[in-house]
Amino acid sequence: MNNTTAGSDKAAMRRTDARTRDRIVAFSYIAGIVAAAVVLAALNPSGPLGFLQAVSDGLRLGLIIAITGMGLSLVFATSGIFNFAHGEFATLGALVAWWLNTALGIPLVLTIVVAIGIGGAAGYGSEHAIWRPLRRRGVSVTSALVVGIGLALAARSVFLFIVGGNSKSYAEYTVQSAISIGGIDLLPKQIVSELLCVAVLAGLGLFLKLTSLGQAIRAVSDDPILASASGIAVNRALSTVWIIGGAMAALGGALLGLFEQVSWEMGNQLLLLIIAGVTLGGLGTVAGAVIGSILVGIVTQVSVLFLPAELKYMTALALLILILLIKPQGILGRKQRVG
Amino acid sequence: MDFASIISDSLRAAISPTAAAYALGAIGLNLQFGYAGLINLGIAGSMAAGAYGLAMVVLSGGPFWAGLLVGLVCAGVFSLLVALPTVRLRADYLAMTTIATAEILRLVLRSSWARPVTGGVNGLQRFADSFYALNPFGVTSYAIGPVIIPGRTLWLMLVAWILVVIVAIGLWAIVKSPWGRTVIAIREDEDLARALGKNTFNVKVQVMVLGGMCTALAGSVLVTDQQNVNPDSFGTALTFVVYAIVIMGGAGRIVSPIVGAVLFWLLLALSDGILRSLADLSALSGGWFGQDQVGAVRYVLVGVSLILVIVFRPQGFFAGRLPHLRKKVTAS
Amino acid sequence: MTTTLDQNPLGQKIALEDTALHINRIHRQYGGLTAVDLDEIRIPRGKLTALIGPNGAGKSTLFNIVTGFDKPDDGSWAFEGTNLAGKQAHTIARLGMIRTFQMTRLISGQTVLENMLLAASRQRGDSLTRAWWHPSWKNEEAENTERARELLGRFKLADKAETDAASLSGGQRRLLEVARALMARPRAILLDEPLAGVNPALREQVMQHLTELRDAGMTILFVEHDMDAVMGLSDHVVCMALGKRIAEGTPQEVASNESVIDAYLGVHTSGNHRSPMPLAVTSRSANSKVPTEPVLRVSSITAGYHPDRPILNGLDATVSAGEVVAVIGANGAGKSTLLKAVAGLVAVGSGDILVEGKSIVKQEVHLRMRNGIGYVPQSNNVFPSLTVMENLRMGGFGHRRHDDAIARVLDMFPHLKELLGTPAGSLSGGQRQSVAMARALVPRPQLLLLDEPSAGLSPMAQSAAFATVADVAESGVSILIVEQNARECLAMSHRGYVLEQGKVALSGSGQSLLTDERVIELYLGAMKTKRANQLMESEKESSEHTTD
Amino acid sequence: MKKNTAIATAFVASVALLLSGCAVSTTGPSNDSLSSLKIGWLLPQTGPISSLGAPQIAALKLAAEDIAAGGGPKISYTGGDEAGDTAAAGQAVDRMLAAHVSAIIGAGSSSITLSVIDKITGSGTLECSGMNTTPALTGYPDKGLYFRTVPSDVLQGGVLADKIKADGGKSVAIISRSDSYATGLADATVTSLEHAGVNVATRVDYDPSATNLDAEVRKVVSSKPDSIILFSFDEGATILQSLIQAGYGPDKVKLYGTDALPIASLAKTVDPSNPAILKGMTFTQASSGEGTAFTKRLLQKDPGLSTTAFSPYFYDCAVLIALGAEKAKSTDSSAIAGELVGLTNGDKKCTDYAQCKKLIDAGDSVQYVGAAGPLKFDKEGEPTTGLYDILVMNADGTTSTAATVRRTIEK
């Protein structure tokens, strides 16, 4: 008796220890990042203001990476598939928005809405046409990886075939005059899209936290077997994940089109940053994906102040490796994820 | 374009030095991915290391063979640096870190401040003259059956395929050895291997380095064919194509990479030829399908066929064994 | 339990110089629950030592820690004088201590012979520098092959040498595992359930091989649930429960130790503070006389994880409305598999499963759960990253208005109310149990499948768990419950099935089985008879010695 | 084991077969008649600059028609996609070499040319590109088989530098795509600027695969330049947008660009609602002399073209090669190559195939002044002179030629 209670006390103690340790770790991370930021701000050639400017640009890029990559992370969390074709959803979204906007003259706002819809449909379609059959066959993660590669190649070439190689831009909101807030230039479209991203991410968070379907998705990512054994329709949850992922990626691509040219390979070019962001945040964790992506966005933009601009992607990738060496599961990755 | 020439073009592509180079790369990858089950998405990096090693040495006055050796060493070191921290990581994290390291190498090689050494975006040229000086065939073209090959290409082709055979036999030798048994054991059940006293970490690192060296040879052949090494030809696309080759051939068997490479380039050239003749036809009949769309369609076919292989012949065209990673896609 | 230890301080019986594996202290904690918490244990050299104990006792965890596959929170242990704490698995193996796994492991796609050769230790061909040059290792390979064939011959696998290891039967796999362990020329072998899933004929072989090895001076530590085997084989027995050592000594001493029997069959005393149960039984067994179409009818099913190695073969069972049916039996008898088959988590080969007369064999898992079945797995029974409340809502997934259902369930599990916000991952074992049970009850199932609700729980938590099960039964839900703790389980159930080798060996009312000697034998083998009749015992001993 | 031996034996067998002379040596193309001429082209149909593939293909078609109309040989093309991928390009070249083309036109991208030039010239085949402007190709040991109808960027860099100096530029910022083309041009420009005593405040080379270029632009403007040069392809539109949004539009600073930008559609791309957005931006462009007429012809033949950049130069490649064959009365690469330098330095100017053929038949020494104007190859087969237009963007998004400068390499 007594020693069992003692045991449970010990257990409790250990748990609290663990929790405090986590807090300390998290705190030291944040402290480290802040300190680094301050130092960089002080050192960099274009002064603190230039630094903050770069950070704000990075934030925008990071948010777009986040909503584009979220689907990738969710899909990985729930079904263990790392979908190399995810970037193509973004391209699809951007191209749809561009075509409707320029060819049919539909207002961009509407076309983006349509793009989101089509992105979701594409996600649903790929789940049903390709990934679910593969899961039925119990195909290994590796093969799934290769299927994704093939899919990406095919999709990209289809885009090239249809829209051609040259890059395009929307008919609206192309050039705006910047609003200066505390010496930092912000474009209206930038502010709007950032707010939109935050709203979408918050919405996703609430969905996963509050709705029973959202909780089901988290349950599936915890333990698919137990999920089905407690009455959750795993396939339905996965379909939802794919729809959300496709839609968000399409939105991301469409928003990206506001700040750069729309082209047949824009999604593919973004994929590398998405991989970096999602992975270093901790594969399959929503918050991790967001933090990681924003980190990547900021680092790439800030690095230009110090390093040759050609190497700005290198810094993001180096950051990825560095963090995985320190914390092999990524910033927020939990020890044993799915499977 | 008549059909006969399409066939002969495809056959040439299938036995071209490029195909041989890809076969070498696939052999290296097959050791890492097919036998040991390590998802290394960074082989473009080790290929680049080999290629640049060769080019730099020769251009700085070294003999060609020395360049090859240095290339091997460079790739070995690169792979070692990648392996030491990453092979402990979980399969998917390994994939991500390796893809990242390869891209980092490419970006550094092409950056302007590396230009004095690597030639930056222009890369390096004319480092294989001493090799082609040994060419016994001259510049005239030779006909092997229906295939016509310029003597210069023929020379490299000969050497390249001899290399392929040597490497393949070498790999066969070590895979059949006790060491090879451990490698396969790691793929199938690493814990068991450890329980039987095998130092799986060391073996995995060895696999990474050895495979990296094979791919270094691949890189060297690839750039010797064109006497030009360019950073952007070592992007992720290259890695993916080599994966496609290994998968098509069927991972985990000695011949599969060779079969895969030949098959891949055969199909690529075949589709290209057919599509181009289609385009010519359409040009006569109102141009519903332009020459400028051939490239795109061809890559659509590559992508789709890659998917189809996985779905319908998951063991590759020649039944091999895909690595059983402990983590499966959750079946429902 | 401490008291039982004090009664017979067995720890010191083995002299230090005779100790092969010397555990000073090992502590391992998984989140809430203590998996292993051991003080000094000495495993004698050149002897057969059995490590016994009910499920969740921490035997396998101990194996993993000792062999370097798991890191203890703290502890130190030594093999033949070398301290092993912090050593890597392969280093420990190279020191001559080779383990096998509970789930047989072999390299499928390679021949049995290759599997053997893999185990040969310190091969020249293991180093890459020599591997590529065949002559450098071919002689050694020849010797190893010879030894491998010789070993395979000894284990009756000679004819299988060239076949794919994957094609071996369960029993042959066990044999291969032992043979492979020997291939490494170990000084000690640690066998995790060497007899699980081995048919009687082979079982005799394995046991004989082990004794032969022992007599050849090999140190053997083995985990086993088949008590006949334990009693027949072992020179020394260590019994664990809840991560602690509760008894140690010769088979006879351990067999006669009350605390051991309690550990297996459940503690008498803890039964007392629940009086209503027998009442309930009688009362409901009365109205269960009324012939009703059973809620569940399992008719002669075969099922298993591998088509050609079924775990259930031709099993029949029924559960009537409002009935509590216990399924007991030794490990590997197929208890959990039965539940999984009903839940749809293992493929049913032949036979049929009917719920209220409708066949559900073809039905998808989640649909079964929505159509009146609730399933509580033994381990991993909660979603760790979800809060308790969210876990409960998952139970009601796809059901309309499940909030009041949850409220209803929470009334049955009042202690969960203050935990609703905490993530289930940080709960203790007992709490997880009740969360899992509550979740399964949310959709108001007619039939609840419980897989060892008491496994790995402290006695207090155990009786609490049984109390809740009783309450659930009160509420009229039919329950099919698999248990190690046979006493408490049978005490509260109307009927019981005793499984053996995937079939029903015995069945009857809970009470009748409780008093049935054969049940105890099925669990603890012929212990009692042994204790009763020393003569026959000694004969058995001598006969074993004459065999070698 | 069996399979390996099988492969090995098969391999050895094939080698033996091949060395035992049964391999029919079919040297080069036959010299009998000039009724037809096989030419290969290697152009970007996929990959980063795939947008520049179509116009060149169209130009080559046009050339073939003109040549046939002018009584020349029937040109049969063997096409190949350079795909921005050296391996694919190499395969395509192998295909053409095997088809015994007399010449290969291309590649589009300088880096691809660098990757195949040795393969092509090494096997004794003529190569001519209308798009490789990188100085890296100047003096490349090509056995006199590599020609380009477009002059090296050294010239254009000079023109640009002079223009900036003339405009009174004091401190220049350069933003340049990090690839073979832009880097070469940027280097040349920087040298000339420094030579002309204009201060280069900053130079940013950006990764072509980078998705977003704000940070680069900020770096540029942070040096407070009075003139900014863009060396980029159609991502230049993005850069311009960022520049303007950062307050560095053509109204505030002098903006300069080159002919790699999609000049015709640029203003529309940068801001469809305001064609005047780039008013005053200055471009240097390798002049196409009568090109305006030529591009008109091309566009009415192929209205779908998004740009006509470089098309006259490829047209000239084709015509020149045909003339070379005419002059040499042979389809042999080296024979043709031997004539090309002469054909661009003769006494009697002629501007299209028919004209030149008459003169050649009459035995005169001709100077071909084609769609892209005079070429005047030096002995390395490089145009020693380049005619450059200096274009200024109008309020309606069109450009008007402010000046046309001829610049020649001073040796």
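Here the chain labels run A, B, C and D in written order, and each chain numbers its own residues starting at 1.
The working rule: a contact is a pair of C-beta atoms (placed from the backbone, for glycine too) under 8 Å apart; a residue touches a chain by one contact, two chains touch by 3 or more.
Computed from a prediction, not measured in an experiment: that's the story for all the values here.
Under the touch definition stated at the top, chain B and chain D share these contacting partners: A. Of the two chain pairs examined here, A-B and A-C, it is A-B that is joined by more C-beta pairs in contact. Centres computed as Cα averages put chain C at a distance of 75 Å from chain D. Distance between chain centres (mean CA atoms), chain A to chain B: 31 Å. The geometric centre of chain A is 43 Å away from that of chain C, both derived from CA atoms.
Per-chain Cα centroids separate chain B from chain C by 48 Å.
Listed for chain C are no residues, as none touches two or more other chains.
Multi-chain contact residues, meaning those touching two or more other chains, occur in chain A at positions 157, 160, 228, 234, 308, 310-311, 313.
Among all residues of chain D, those that touch two or more other chains are 46-47, 50, 53, 178, 205, 207.
Of all possible chain pairs, those that touch are A-B, A-C, A-D, B-C, B-D. Listing the residues of chain A that touch chain C in their complex gives 1, 3-4, 7-8, 10-11, 14-15, 212, 215-216, 218-219, 221-223, 225-234, 334. Those residues of chain B that touch chain C in the complex are listed here as 170, 173-174, 177-182, 184-185, 188-189, 191-200, 206, 210, 321.
Of all the residues in chain D, the ones that touch chain A in their complex are 44, 46-47, 49-51, 53, 178, 204-207, 209-216, 218-219, 222, 234-235, 237-238, 241, 244-247, 262, 269-274, 277, 306-307. The touching residues of chain B, counted against chain D in their complex, run 1, 5, 8-9, 12-13, 16, 18, 107, 110-112, 120-123, 125-126, 132, 139-144, 147-154, 158, 161-162, 165, 168-169, 172, 222, 225-228, 230, 232-233, 237-238, 254-255, 258, 265, 268-269, 272, 276, 290-296, 298-299. Interface of chain A with chain B (complex): residues 76, 78-82, 130-147, 149-158, 160-161, 220, 224, 228, 234-235, 238, 272, 275-276, 279, 283, 308, 310-311, 313-314, 317-318, 320-321, 324-325, 328-330, 338-339.
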